[in-house]
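Here come two complexes built around chain A, the first alongside chain B, the second alongside chain C.
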Partner chain A sequence: MMINRDKTFKTALFICAAASALATLLIFGFLLVFGLPLFKGGQFFLLLGRPWAPGQGMYGFLPMIAGTAAISLLSLVVAFPISLGVSFFLHSLAPAALGKILKRLVQFMTGVPTVIYGFIGVFLLVPLIREMFENGSGMCVLSASLMLGLLISPTMILFFSDGFAAVDKKYIQAARALGATRVQTLLFVVLPNAWRGLMTGLIMALGRAMGDTLIALMIAGNAVNVPSSLLDPARTLTSHIALVSAADYHSMEFKSIFACGVTLYLLNAAAVIAIRRFGAVGKDKAHV
Partner chain B sequence: MSEKALKWTDRAVVVFAWSSAIILICALFLLIGSLLKNGWQTLGLDLIFGNAPPLDAILLKRRVFGGLFPAIAGTLLLVVLSVSLAVPIGVCAGVYMSEYASAGLRRILGLCFDILAGVPSIVVGLFGFSGAIILHRIFDGFRPCLAVSAASLAILVLPYLVRTTQTSMQGISPGLRITALALGASKMQNIVYVLLPRSMSGILSGIVLAIGRCAEDTAVIMLTGVVATAGVPGSLFGQYEALPFYIYYISSQYTDQAELMTGYGASIILLCVCLALFLIALGVRKGLSHQVFYRI
Partner chain C sequence: MKKPILWHGLLAAVLVMACASWGLAGDLDAFKGRKGEIRIAGGTAHIPVMKEAAKRIMTLNPDINISVAGGGSGLGIKQVGEGLVDIGNSGRKPTDDEAGKYGLGMYKWAIDGVGVVVNPKNSVKSLTKAQLKDVYAGKIVNWKELGGEDKGINLYTRDESSGTREVFWKKALGKGEISSKALFVQSNGAMKTAIANDPYSIGYVSVGHMDSSVAGVALDGKAPTLENVKSGEYGVARGLYSNTKGEPTGLTQLFINYLMSDEGQALAAAKGFVPVK
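Let's look at the complex of A and B:
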């Protein structure tokens, strides 16, 4: 009787785990099936490099790829130095109380809704950029990257801090005992040993930047063009999906959003696999 | 490096670190400050209930126009539905991962959950949308609706629940793990009476943060049935309003100052909800693990 109940329990748990894992595959399957006509005969790769001109029957999503690449990479450029600085600060320079408060603040920031960043972007940042450069509407790659930089900084800071914390304390004590200052220890002992944490943080932040919809949708301008300057409007893969309003489910225009979905899915899956390759932060070092 | 160069590097790094911290704090306070400065006047019962008497609105006697009540009700219902869908499945899956899965299976399932956690929310929304299309082919007249949104959001937060459950169960000390077993308890009894209660605070903090994600997510619901005006949701299969979508909608479609102000009010409310959930999660579990904030 007891053994039977145990077995049922185990089976029920297994079904839940399998069903959850299945969702991962199911999402990919749905995207593929719905976008199928676009994938036949290697068309997918042709589409990657073509412009978007539905009028002429061209449904390439080069502009969206370029938009996603420009905005997310630029946001990384914005966020990386600040995140590195803040995690230096948190690791060895901050007065204890201030460090504690700042860390809580950073954790809170991971939960701030992206729609709020977007909303403030529309009414605070965009007018500022418009006046500063006196060029266009202010809805551009630069505005979106700045806001997105702020969105992904907390993710980076938390992973960088984890990476720093995972460095063996003996190394740090040895360096300090030899007379190195806090900063020297940080630069020459902690930083070189925390590259895993740095890489993980960077990839996670890039993934979050690529996957975010609302900021780009609200303040990047959404023009379907390959942006050629920071002040050009751009459309990302995510906002392209959000903007679709094709009434006809069989049109190629409608199917192209599934190709965007597949691209995003694969990019993020690649990021996840890369992180697993590097090994989770501190998995093998934290408990030495 | 020479003595002098080292000294200057030292100073430069200190300045760099301090200024980074100050920039981040200033940016955050600038954002929140501008929200509060522009929106604090709108805060009040009018913001939520418009011209309707609050009690009548809550009891659904009177429909609210010009207030946030339908959007708040929609978000609340959405959160309750998706969390009650996701929690049982997610927690059970987490228990399986921690207690039963073999090393190989754990690696494969773990990879699936990591990928699922990384899928952008708009793609999850697209999945829900395509699901609705399929259902539309089977049941005539089926449209994206509250039920589709809830199911999609449940999928979105599933991997967080699995991971928080799994890590907090695996964190239980080996000694405690075998005590009940040594006293003759079965594996199931050990899990239900010892391991689960022991990891409850970790699981709860995961649930609280999952609630936060359901409440704030906009990308999933904009593809799966949320609309700008629908009133208080009356059925699982009807369209509905939600707070985050309202904020998005107002930012591009506001027609007058009053509507814009309502948008500011909605942003403040949503931000306060997220702050409250964050504080609850902290309270539930002091020294919250980073895993909880692990988010793409």
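Let's look at the complex of A and C:
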């Protein structure tokens, strides 16, 4: 009886896991099938080299790849130090009551819809950046990265904090017993042992940054142009898809956004693999 | 002795009010006692009129639910053609290809201009078409060259599926180039916000959407005002269309009828468009 129930439960869980894995694969397959006309005969690479000029039958989206890469990586650069700092503070430096309030606040922040960040960006950040840097409209890579950094920080902070909390208490007690200060314990005991949590946090945050549409759509300016400075406007793959999906269903223009989808998918996968690789190397070092 | 007078007065007042409300709600009467849903999407220039009409209908009859979404003319035509919405708005006439493929019923209920706009703080309030073309092509990049401040020009444009862009590109730019440095916004409303917030910007917006937060720029001496659009002096104009898949039926037909009624046409005029009747 007991074993039977156990088995049913296991099967149910397995089905759930298989379904979600399958969904991910199916989406990729769907994108590939719809983008197939473009992939045939190496047209895909031709696509990359050309400019985006639907009027003249050219559907290159290299500028959008550059936009996505620039904005999401910069947002990580913005968010990583902040998140590490806040989670350090939460883990060992903050007084209990303050830490609790701060953690609730961070949890609340993960649920704030991105359109609100976008809106604040349009009315507060963009004019500020415009006034600060004389030229340009303020709608640029820098504005979008700063806002996106703020958006992904709470996710990172929560994963980092969980990583720190998962470190075996005995290690910490041992370190304290040897006379290590809180900061020393944090840097030399907690941080190396929380490596996995840090990597997961980075991956989740990068995924969110790459996948986010509204912030870039609202404040990056959406110009089809490879950005050459922080103050240049840029268009990400996601906002490109959002802008172009209104085009005629049967046009080449519309079909080309499936190629964008595939690219975004691959880019995301590549980033996850890269972080895991880098993380594995770092972890080995930590244990030497 | 006073009582009867009071009663007569009240009765007269009630009668007057009844007549007045009956007269006012005349064109909306068709919606009484009906039930159902109308889904509207597409052209963003249409939204103020759609929202107001929807509000009036739903206030009169809460059993009717009307949803109004944007998305652009291209999206409106696509969605109505595929049966995702009941009415697909477009700020341009659907192409023969689109109309044929989907079998669209097209209803033009107003004429709207597309005006060039700058921030109200900008001193440049008049351009020639040739200057505008050079500005959008990225050949003129500083306001100083147009008699303004020594500041870079921030170009704003819309995406390819926008009817507003289509008309602007054809009739104001003469199908000229739009620089790759141009910033993209996704609706008439977003364009207005962007221009109102950026002192060195230039963009284009439906004349019906213009208000004091942006300043219209005269093209070859013709200001983009309702009067100039109406008289035909300002040439950058287009029809506002509401499209249905085939002949409209049921509530959708009533909605189109309302747009074409005296009241609907007065509403279009009140929102800054030129009525067709």
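One rule holds in what follows: the second predicted complex is superposed on the first by the 224 of 288 C-alpha atoms of A that agree within 3 Å, B and C clash if a C-alpha of one lies under 4 Å from a C-alpha of the other, contacts with A are read in each partner's own complex, and residues count from 1 in each chain.
We adopt the following convention: a residue touches a chain if its C-beta (ideal position, glycine included) is under 8 Å from a C-beta of that chain, and two chains touch if they have at least 3 such contacts.
Keep in mind it's a predicted model, so treat the numbers as computed, not measured.
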| item | value |
| --- | --- |
| Chain B versus chain C as contact partner of A:36, first or second or both or neither | neither |
| Touched partner set for A:77, first chain B, second chain C, both or neither | neither |
| Chain B versus chain C as contact partner of A:155, first or second or both or neither | first |
| Touching partner for A:269 - first (chain B), second (chain C), both, neither | first |
| Comparing the two partners chain B and chain C, which touches a greater set of residues in chain A | B |
| Which superposed partner A:224 touches (first chain B, second chain C, both, neither) | second |
| Contacts of A:54 with chain B and chain C, given as first, second, both or neither | second |
| Chain B versus chain C as contact partner of A:126, first or second or both or neither | second |
| Contact residues of chain A, present in both the chain B and the chain C interface | 122-123, 217, 242, 249 |
| Chain A contact footprint on chain C (complex, rising order) | 71-72, 74-75, 77-78, 82, 98, 151-152, 154, 159-161, 180-186, 193-194, 197-198, 200-201 |
| In the complex, chain A residues that touch chain B | 2-3, 5-6, 9-10, 12-14, 16-21, 23-27, 30-31, 34, 81-86, 88-90, 93-94, 102, 104-120, 122-124, 150, 153-155, 158, 162, 181, 183-184, 186-187, 204, 207-208, 210-214, 217-218, 238, 241-242, 249, 257-258, 261, 264-265, 268-269, 271-273, 275-276 |
| Touching residues on chain B, where the partner in the complex is chain A | 6, 9-10, 13-14, 16-21, 23-25, 27-28, 30-31, 34-35, 38, 88-90, 92-93, 95-97, 99-101, 108-109, 111-127, 130-131, 133, 155, 158-159, 162, 186-188, 191, 209, 212, 215-219, 222-223, 244, 247-248, 250-252, 263, 267, 270-271, 274-275, 277-278, 282, 288, 290, 293-296 |
| Chain C partner contacts - residues on chain A that touch it in the complex | 51, 54-55, 122-123, 126-127, 130, 135-139, 217, 221-225, 233, 235, 242-249, 253 |
